[in-house]
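In the two complexes that follow, subunit A is the common piece, with subunit B as its partner first and subunit C second.
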Partner chain A sequence: MSMDRREFLKAAGLSAVAGLGAKGAFDLFMPGDVDASEHEGHSEHGEGHGGMAEAGPKVRLAMAIDVLQLKDHSKVDKIRAACDNAHNIPHWDSKDDEIKWIWEDEYEHVFPDSHNEYLADEVRELPFLLMCNHCDDPPCARVCPVEATFKRPDGIVAQDYHRCIGCRFCMAACPYGSRSFNWFDPRIPLKAEGRKLNPRFPTRMRGVVEKCNFCVERLAEGKKPACVEACPDVMIYGNLADPNSKIRKVLRERVSLRRKLELGTKPSVFYLV
Partner chain B sequence: MYDTGKVITGLVIFVGIFTFAFWYTAGTAAPRPEPKLDTPEIQKMAKKQCVEDTQFMITTHMQLLNKLRDQALRDGNRWYVNSKGEKVWISLQNTCLKCHSNKKDFCDKCHNYAGVDPYCWDCHIDPNRSEL
Partner chain C sequence: MIERALKGSPKYWGWVFFLLAVISVGFMCYLYQLKNGLGITGMSRDISWGVYIAQFTYFVGVAAGAVMLVIPKYLHHYQKYAKIVVFGEFIAIAAVTMCLLFIIVDIGQPMRMLNVLLHPTPHSMLFYDMIVLNGYLAINIIVGYNTLLADKKGLPCPGWVKPFIYLSIPWAISIHTVTAFLYAGVPGRHLWLTAVMAPRFLASAFAAGPSLLIMLLLFVQKVSKFRVDPEAIQSVAKTVCYAMIVNVFLMFMEFFTAYYSHIPGHIAPLEYLFFGLHGHDSLVGFMRFSMLAGFVGIGILLVPALRRQNGWLIAGVASVFIATLIDKGVGLVIGGFIPNPFETITEYSATMPEIMIAISIWAVGALVLTILYKLALSVREEQQIA
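Then we have the complex of A and B:
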C-alpha cells in the first residue's frame, strides 16, 4: 500500500486524537487504585469491635478496670508492683527515662477530650490506671518500619524486642503514651536497686521500645495477667468476642469509658465508672 | 647490591615483628572447650538427650533457636515438635537453661573459645542467678 505525505499526516493526527481521548476515557470509567497499601491495611485490621457480632475473630482479649475501687490507693501500688516484678521493669529517677507498663494519672489527663469542670470530685480525684490499650487498629504497628510491633490474632499488640531498631516511630504514633524507650541499659537501675528479678522473664536492652504485653507469656502458660492476679476485683480481663465472658457481662452491667475514641484506634481497655 | 648488611638486618627485624603474634603465642593454643553436662537436671534424665541430636545441636543450635524464637513470639505457638515427635515448651530461660543451668560452663565455654558474643544475654537472664 502506498501512502503520500498528506494521507500519512491525516492518519497520524487522527491516531493522536484517538489516543488522547482513549486515555481520558480510561481515567473516567476505570479509575486506578488510589493507594493500595491503605486499602490493604484496612481490610487487615477490619476485624474487631466493629463487626464482631458475626464474622469477627474468635478471641479478642480486653481489660476492664474498675476505677471506683482504686480509691483505696494501696491497690494501685499493688497492681503496679506486680507488673514491675513480673516483667523486671526498672525504676528511673527522671521522668524522661521512665519505663511505663502500667501507671496512674488523673481523669483530666486521661480523658482530655471530655473534661468537665463540674465533674464529681470523687471521679476527679480517682487514680486512673493506664496501660497499653491493645487497639484494634494499632497505629504503632502501622508505622513500625521493621514489623517489630504487630497485632496478634487474639488482639494483643505484641512487641518483638529482637527486631526493634529503636526508631521510636511507634512512640510518636501512639496517642496514649503507652510506649517507653530504653535510653540507658535497664539493668543499671535494676542492679542499683538490688531487685530480685523474675527469672522467668528477660530484661530489655538499651535502645528498644517497650510496653505492656498483656502478659502474653503468662497467658501462654495458662496463667492470668499479673495485674489481674494482684487485684482480680479491679482488673477484669476476658474475651470480648464471647458474649458470655466475664468482661462482656461487666460491660453490659456498668457504664464504661474508653480513651480517645474519636481517633478510631478502637482501644480495648475499658474504664468502669 | 648496596648496603646488603643493613637491608638483610632490616628484613629480619621486619619479618620478626610481622610474625610476632604467631611465634609469641606458639604452643599456648587454648585447649578445645569441653562444655560441661553435669547439671542436676541432666543427671536426673534417664536418656541424656537434648531436644535434637547432639551433633545437630552442636552445629545448628543457633538456627534452631532463631526459628523457635520466631515461632513462639510471632506466631504465638510455644510448642516445638522435634524430629522424634516430642513436644517441647519453647523458652530459652525456662526450658533450655533449666537443663543447662550452668551457663558459664556450657554456653560461655564455646562462645568464648570461638570469640562469638551472641546478644541473647543482653536481655535474657540466667534464671539460676537471682541478681544480674
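Then we have the complex of A and C:
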C-alpha cells in the first residue's frame, strides 16, 4: 500500500475541514449551483425532485448522464478508468467477486421494468452507465443495522467502510444492484496489477460493502467528481434543488429517464436520451 | 442439575465426541473463511446471501414452533403436554443458538458485530431481529430450566416464572414475524415483497418445529425409560398437519397472484424455482421434491389410521420437516435473488467449506439439544420411578 494510516488520517482530517467549508467550494467550482444561503439544508425526506424541490433541502446533488455521447465508447472507458483510479477499485477476474462503482450495461438490463421489443436500435445498443442512484429515499440506508450507509443532507448516500459489519442487508435491499461486497481482500489484485494507488482515498478491507460515493472526498476538497472531470460533456452534475443549476437546465431541455421509479426510491441519476 | 449431562452411557459419549469432531472440522473451515474472506463460499455479487442466511431463517421457525406446545399447556391447561413442553423449549434454545451462529458466520466483519449495540438503529429490521432472538433465547433458558428444576424437586413451577411463560407466546410469534420482515420489506425483490410472508413463515414454523419434536420424542423413548402419552404425540401431529396445510395454502396464494396477474416480475422467481428460467434450473429438482414431500406429509398425517402407526407418523413428520427445510432453508433466499436487478441470472451453489460450516452449526445445535435432553430425560425418568 502506498498510503499509510497516518497519511490517510491526515487526508481524512483535511477532507473533514474542507467539508465544513463545502459551500465555499461549491460556489467556487459550480457557480450558481448551490444556494448561497445554506449548505446543510433541511433533511426532510420525501420531497426533493421534479419541481417540488422548493419545499425540500437547499442542496440535492444529482447526476445527469448524456447517454447519446457514449456512442463514442472511448468515453465509457475514460470515465471508468477515472473512477477506478480515484477510488483504488480492484479488478477481479470472476464476475462473482467484482467491485463495481460505475459500469456499462444495455437498455434492457438497465430498465428491465420497461421492456420494449420495438425500441430503436440506436437506443438499444447504447452503453448506459450504471452507478449508485443516490436515492432520495434509499432502501439501503433504511435497512443498515449500524448506519454504516446513510444519506447526507446534500443527498449523497455515503458508506462508512470502518463501521460496516458486512451483513449485506443493503445489497439485498438495493433494487439497482449498485452495491459490491469485498468477498476477498481487495488489496490482493491491486498489488498483483501493480497499480499506482491514489493516496487520497483509502483502499478497503475484505468483508465490507462499497459503492459509488459521488466522490464526496473530492467534493470536500472543492474538486469535481472523477467521472465529471474525465468527461464533463457526458456526466453533468449539480444541485437539483436550485432551479437555475446546470443540471436543472439540461433536465428541462432534454428527455430523461430514471431507473425503477415505481419503487418510490426517487433516484438522483438521470439518463439523457 | 447440569452435572447430569456428565453421566452417560458409552453410546452417549460416543455421540457427544462425534459431534465435537464435526464441530472442530467446521471450526477449521470457519478459520479458513475468516482468514480468506467470504469469497470461499458460493455467494457472489448477485447472490449475496446463501445457505447461512437461509438456514438461519429456517431455524428461527423451528425455534418459534415450541409455542405450539406452550399455548395448549399454559393457556388451555392441556395437561397431556405437561411432560413434553420442556422438550419443545429445549429445541427452541438449540435452534436459536444455531441462528445466532449462522449470523456470525455470515457477516464479513464479525469482530465489528457489537456495532449493532453501539449504534442501535431502530429503522433497521435487523436491530429488532437481534432483540427478539436474544430475548427468546433468554426466555426459553429461564422457563425451560426453572420448570424442569421444579419438576426435579417435585414442586410446582415457581410463580415468578409464569410471566416469562406467557411472554414467550407473543415473543415466539415476534421472532418469526420480524425475520419475515427482513425480506418482506425490501423493494425490488419480487419473491419477497409479499404481505403473506410473515403468515407463511409462521405456518411453516408451526409445522417444522413440532415435526422435529415428534421425531425426537419417538427417538428418546427408544434410548430411555421415559414414556410419552401417545395421545400427546397425536395432538402434536395434528398441529403439524394443520399448520402445513395452511403453509401450502399460502404458497398457492403466491402462485395465483403471480400467474393470474401475469406480471413478469412476480412470475420470474417462481418460474426459476419450480420450472427453470432461461435454461437455469439448478433448484427445480429440490423445489419439486419439497412440494411433493409436503403433500405426502399432509396426506399421511391427515389419515388417522396412518398417523397412529409410529412408522407412518415418522414418515409424515419427516416429509414435512424436509419439505419446509428445502422451501424456506434454500429456495426462499436464493429465489429472492433470481433474477437479479438487471433481470439476468447468476446461479448459486454452496462450496464444500461453506457446507461444512453449516453442518458444524447443525452439530452445535445437536450438541446443545443432546445435553439439554439428557437433563430433561434424567428428571423425567426419576419422576416415573417415583
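Simple rule for what comes next: the second predicted complex is superposed on the first by the 224 of 273 C-alpha atoms of A that agree within 3 Å, B and C clash if a C-alpha of one lies under 4 Å from a C-alpha of the other, contacts with A are read in each partner's own complex, and residues count from 1 in each chain.
As a convention for this text, a contact is a pair of C-beta atoms (placed from the backbone, for glycine too) under 8 Å apart; a residue touches a chain by one contact, two chains touch by 3 or more.
The structure presented is a predicted model; accordingly, all values stated were derived computationally and were not measured.
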Q: Determine, for the superposed arrangement built on subunit A, whether subunit B and subunit C clash or fit.
A: fit
Q. Is it subunit B or subunit C that touches the larger share of residues in subunit A?
A. C
Q) In the superposed arrangement, does A:G155 touch subunit B (first), subunit C (second), both or neither? A) neither
Q) Touching A:K191, do we find subunit B (first), subunit C (second), both, or neither? A) first
Q: Kindly classify A:A220 by the partners it touches after superposition: subunit B alone (first), subunit C alone (second), both, or neither?
A: first
Q. Now for A:P90: first (subunit B), second (subunit C), both, or neither, which partner does it touch?
A. neither
Q: Identify the partner contact of A:R200: answer first if only subunit B is touched, second if only subunit C is, both if each is, neither if none is.
A: first
**Q.** Touched partner set for A:Y176, first subunit B, second subunit C, both or neither
**A.** second
Q: If you've got the overlay open, could you tell me the nearest Cα approach between subunit B and subunit C in whole angstrom?
A: 11
(Q) After overlaying the two complexes on chain A, where does the subunit B footprint on subunit A coincide with the subunit C footprint? (A) 205
Q) Which residues of subunit A touch subunit B in the complex? A) 88, 150, 152-154, 158, 160-162, 187, 190-191, 194, 196-197, 199-205, 216, 220
Q. Which of the residues in subunit B come into contact with subunit A in the complex?
A. 69, 73-74, 76, 78, 93-94, 119, 122-125, 127-128, 130-132
Q: Would you mind writing out the residues of subunit A in touch with subunit C in their complex?
A: 95-98, 100, 105, 108-110, 112-113, 115, 139, 142-148, 163-169, 171-177, 180-185, 205-209, 260, 263-265
Q: Mind listing the subunit C positions that touch subunit A in their complex?
A: 36-39, 43-46, 48-49, 103, 106-110, 112-113, 115-116, 118-119, 121, 123-127, 130, 182-183, 185-189, 264-265, 336-337, 340-344, 346
